[in-house]
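Shared chain: chain A. Partners: chain B in the first complex, chain C in the second.
Coming up: the complex of A and B.
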């Protein structure tokens, strides 16, 4: 089904390309070549993919627990700010000390921030969709304040609202030598992302906690009958979700930017919702969906340069993918409401 | 089984990424050969334009830069392309993409690309670069001139001053809907080119009409129209009836607020009188198209000059746009006089903000 929705979206996209007076086949070839045509393009695609994987895991772990985490964006930003602040403030420390501090700061800040939404849901029954959306606004404006003549603003930040650079010890190394792929920016964050995918799979499918989270996701009342407290699991699930997103932000700071810019995320947390849905909230699904969206992001630019088709088309295709998946979900929910409820096995 | 398959896919991707690397040294030359092949006799001059996150349809400077590119393509027979940057992290790869394809000139549109342009230009000393509104800036944030980079600066304060004269004259004489003797401006992000526009604007208002109240705000964004609109509605509620936007796409929301509340707005960068006829009374114009056009021509003619270039009122690099009929003749006369005085050097508009948020 995910593949069908992608193909359907590409077909609709082709109609748009035709309507704009271009050749869809050559445009899609340019799109593909832009994403995978040269080793440099592949590394750039992977750089786009890394934050999408992590933010996708964030949304997926919440989904598995029956929660809709719209706040991956703000959790990512909080993680980035925490990592950037620690990385700059303690920049004089050597890498083996500084890097773990920055890592913990990024993950911890994202987790704590998301746990607030989890707590409000568990203790007060506040819908997490509302709280996580609101949290996005709070973070965006707090970051404006922090970075525009605020406490984190660098004295000489290229004239842009940005923080001071992090210490060299916190910078993720480039993993491919310049002789192999000249100018590549592919950083060691990709290993952290792969590790996170393994952790996601292990925790959810190989630990008692993961079993409980999934049980709550399938039916909180049934889980409560079985002695699992849905409320505490809600807080834990949100904290894990926030941790993944915070790690995404931390990696963007330590791997790509080496400082925090105002407005630097550009919606990874929102794309992540589509990534998780398309990936069916499974570890491999999230990786492949993130790779697809990463390839769209990178290839779209090249398609525009070579074929003259607007890079915005990629956003249209992504939206249609999401639309098809959402339609499928709605159909399934309606079918479930009407018919007798099937006994669900814990997959 | 599914899982195993998927891991294989992943492994294959990684292997492709690493294995493909061995051929990296050779891939760049075939690309160059391929791009040169359509012209058997002489290789056409290639110009690549990279927009900032505002995008091509910002009805502002990215769009103006693209107009300059298309005009240069038409007039000089160049081969040109454009890439829209969707986020800040795309600046480096987008500039690199053109440089790797051996473009003759790569133009970075916008101050926010200073550091990205520095990084890429240093790696490609044989490719010429130009930065609109900026100079190459190293990782420490200090500007550093490079022998292959032209820094295209504008005297925005002069354009800001001109529209400031229009606004101040109308506010002073309470023309039309401008009844509160209060004028405003809104920037996108507080960066020097944005602040220079507003500094010139405030300077003109202080000079022409010292009693007029001046308000200033930022939308903190160059894209989101809603944020611009909120700032606009807020300022209008405080009595503003002439609103000058310096915020790219976000500024279109600011103009929309003026239109909704029936007050006046002033456009920026390009002539925006058609954005909201009857609302937009004039525009502060910055000829980004001219900068792109002239620099492309210089590369073609072999007269490319690295380092700072200034586009100002004297060389028609900045100016003011068409006036709405509501603008009285005396305001136009005062503005034209100010333009002449700026050209002669009798008026030197300020570059620092007098009124700050």
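Coming up: the complex of A and C.
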């Protein structure tokens, strides 16, 4: 079914390309070549995929607990800011000390920020969708302040407000030798992303906590009957979700940009919603969906340059994928209307 | 920092300008949620309104046609949400997010295809300002409301009309009943789904008008993603205003004032400390979270808000 929704979205996208006076076949070939044409393109696609995997896990772990985390974007940014601040402030420290500090700062900040939404839901009954949407905007403006005339403002040559660079000890190494793939930027963050996928799988399906989270996701009342307090699990689930997103931000800082700047995230936290839904909130599914959207992100810009078709086509395709998935949920809900468990379709 | 920067006529006039698109989105939110449908696609409705308004203004050179096209675009997008939310009973948040992404992608895509990288034409038909001649000469007041845009005034009128409609008319009462207790409403013969359809379509129309205001009254152009989250601030204003039109307007004014301050206090200092103007812009969002959490008053959504309605016997 996920493949069908992607194919359908590509077909609708083709109509758009056709309607705008271009050749869809050649545009899609450019898209594919842009993403996978050369080893360098593949590494660029993977660089896009890494934050999508982590932000996707963030949304997925919340979904599994019956929560809708629209705040992965701001959790990612908070993680990036914390990592960037610690990485620059303690930049003089050697890597073995500095890197763990930066890692903990990124994950911890994302987790704490997301836990606020979990707490407000658990303690005051506030819908996490509202809180996380609001949090997304709060962070955007706080970062404007931090970078434009706040404590993280630093002189730079980027032409956009940015923080001071992090210390060398916090920088993730490039993992492919320059002789093999010239100029590649693919960094060791990919291993952290893979590790995060394993942690996601292990925690959710191999620990009592994961069982409890999924139980709450399938039915908070039944879970409560079984002695699982949905409220504390809500806070924990959001904290884990924020941790994954914070790690994504931390990796973008330490692996790609080495500092924080205005407009830091390319909307990974929003694409993550499509990633999680398309990937059915499963570990492999999230990886594959992230790879798909990573390829779209990389290939889209090449397609725009070569075929003259706006890279925004990718957002159109993404939205249609989301919509088809929503429709698929509907079909399943209708199909089993007489049966139980409509919630599972979402969770 | 001076008084002029805090409550000068320029700041208050800017407050009204900045509050208008937020208030229109919030009005849309009030109508939709009072009927029991959460429409977070308001942001997308604003964006298609802004874009298609510009396209129509460019092609027809008529403001009236441009506004009609803009609102029609919003109605179409909201219509998709309505079918998904009401008829298909899909997750309203997923549907709304999908439509927001679609609106952003579609308008940016078409913007690039229609206008390339040069941007929209400079000579777009614009929504006129309303010069209130007797007032324009009055100091202060004239500067604040003497020459505001027509849509600013239209918004004020709409707020009053919708407030009266919701709380002083029978159809308004029915709409609220559908949002509070659809089963009971249906029992007394109210068509729950039809009411919700109308409400969601109206919300798209209002939000799109707010978007058209941004592109045809303020910016006189379209840029990708130009609504910049105002649809979401509108939702915040709706919540902070406790799901009433007048409350939403007041909240929109508070939020607009915060943004106006962040402009007028640019570079201002208190003693040696530069005013962190960007933090003022977080005001709408912080206040909304506090309001929903019950720390600032108590803001309660309609009881059946966001819950799909299934007729008996299905």
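Here, the second predicted complex is superposed on the first by the 325 of 347 C-alpha atoms of A that agree within 3 Å, B and C clash if a C-alpha of one lies under 4 Å from a C-alpha of the other, contacts with A are read in each partner's own complex, and residues count from 1 in each chain.
Note that contacts are C-beta pairs under 8 Å (C-beta built on N, C-alpha and C of every residue); 3 or more make two chains touch, one makes a residue touch a chain.
Computed from a predicted structure; not experimentally measured.
Q: Fit or clash for chain B plus chain C once both are placed on chain A?
A: Once chain A is superposed (C-alpha atoms), there is a clash between chain B and chain C.
Q: For A:71, decide between first (touching chain B), second (touching chain C), both and neither.
A: A:71: touches no partner chain.
Q: Report for A:131: first if it touches chain B alone, second if chain C alone, otherwise both or neither.
A: After superposition on chain A, A:131 lies in contact with chain C alone.
Q: Check whether A:242 is in contact with chain B, with chain C, with both or with neither, and answer first, second, both or neither.
A: neither
Q: One more residue to check, A:306. First (chain B), second (chain C), both or neither?
A: It touches chain B, and chain C stays clear.
Q: In the superposed arrangement, does A:40 touch chain B (first), chain C (second), both or neither?
A: After superposition on chain A, A:40 lies in contact with chain B alone.
Q: Looking at the overlay, does A:144 come into contact with chain B only (first), chain C only (second), both, or neither?
A: both
Q: Could you look at A:319 and tell me whether it touches chain B, chain C, both or neither (first, second, both, neither)?
A: Touch status of A:319: second partner only.
Q: Counting only touches as set out at the top, which of chain B and chain C does A:108 meet: first, second, both, neither?
A: Neither partner.
Q: With the two complexes superposed on chain A, say which partner A:56 touches: chain B (first), chain C (second), both, or neither.
A: Neither partner.
Q: Which region of chain B runs into chain C, 183-191, 255-263 or 345-353, after the two models are superposed?
A: With the two structures superposed, the offending stretch of chain B is 255-263.
Q: If I apply the document's touch criterion, which positions on chain A are contacted by chain B in one structure and by chain C in the other?
A: 144, 148-149, 304, 310, 312
Q: For a test of understanding, state which residues of chain A touch chain B in their complex under the given definition.
A: Those in contact with chain B are residues 36, 38-40, 42-44, 46-47, 144, 148-149, 154, 156-161, 165, 176, 179-183, 185-186, 252, 256-258, 261-267, 284, 287-288, 291, 297-298, 300-302, 304-306, 308, 310-312.
Q: In their shared complex, at which residues does chain B touch chain A?
A: 2-3, 6-7, 9-10, 13, 16-18, 20-25, 27-28, 31, 48, 53, 55-56, 81-90, 92-94, 96-98, 100, 111-112, 114-115, 123, 137, 139-142, 189-192, 218, 220-221
Q: Mind listing the chain C positions that touch chain A in their complex?
A: Residues in contact with chain A: 40, 84, 88-91, 93-95, 97-99, 101-102, 104-106, 108-113, 224, 229, 232-233, 235-236, 239, 274, 276-279, 281-282, 284-286, 288-289, 292-294, 314.
Q: Going by the contact rule at the top, pick out the chain A residues touching chain C in the complex.
A: It is residues 16, 20-21, 68, 70, 120, 124, 126-127, 129-131, 133-135, 137-138, 141-142, 144-145, 148-150, 270, 273-274, 277, 304, 310, 312-320, 322-323, 325-327, 329-330, 333, 337, 346 of chain A that touch chain C.
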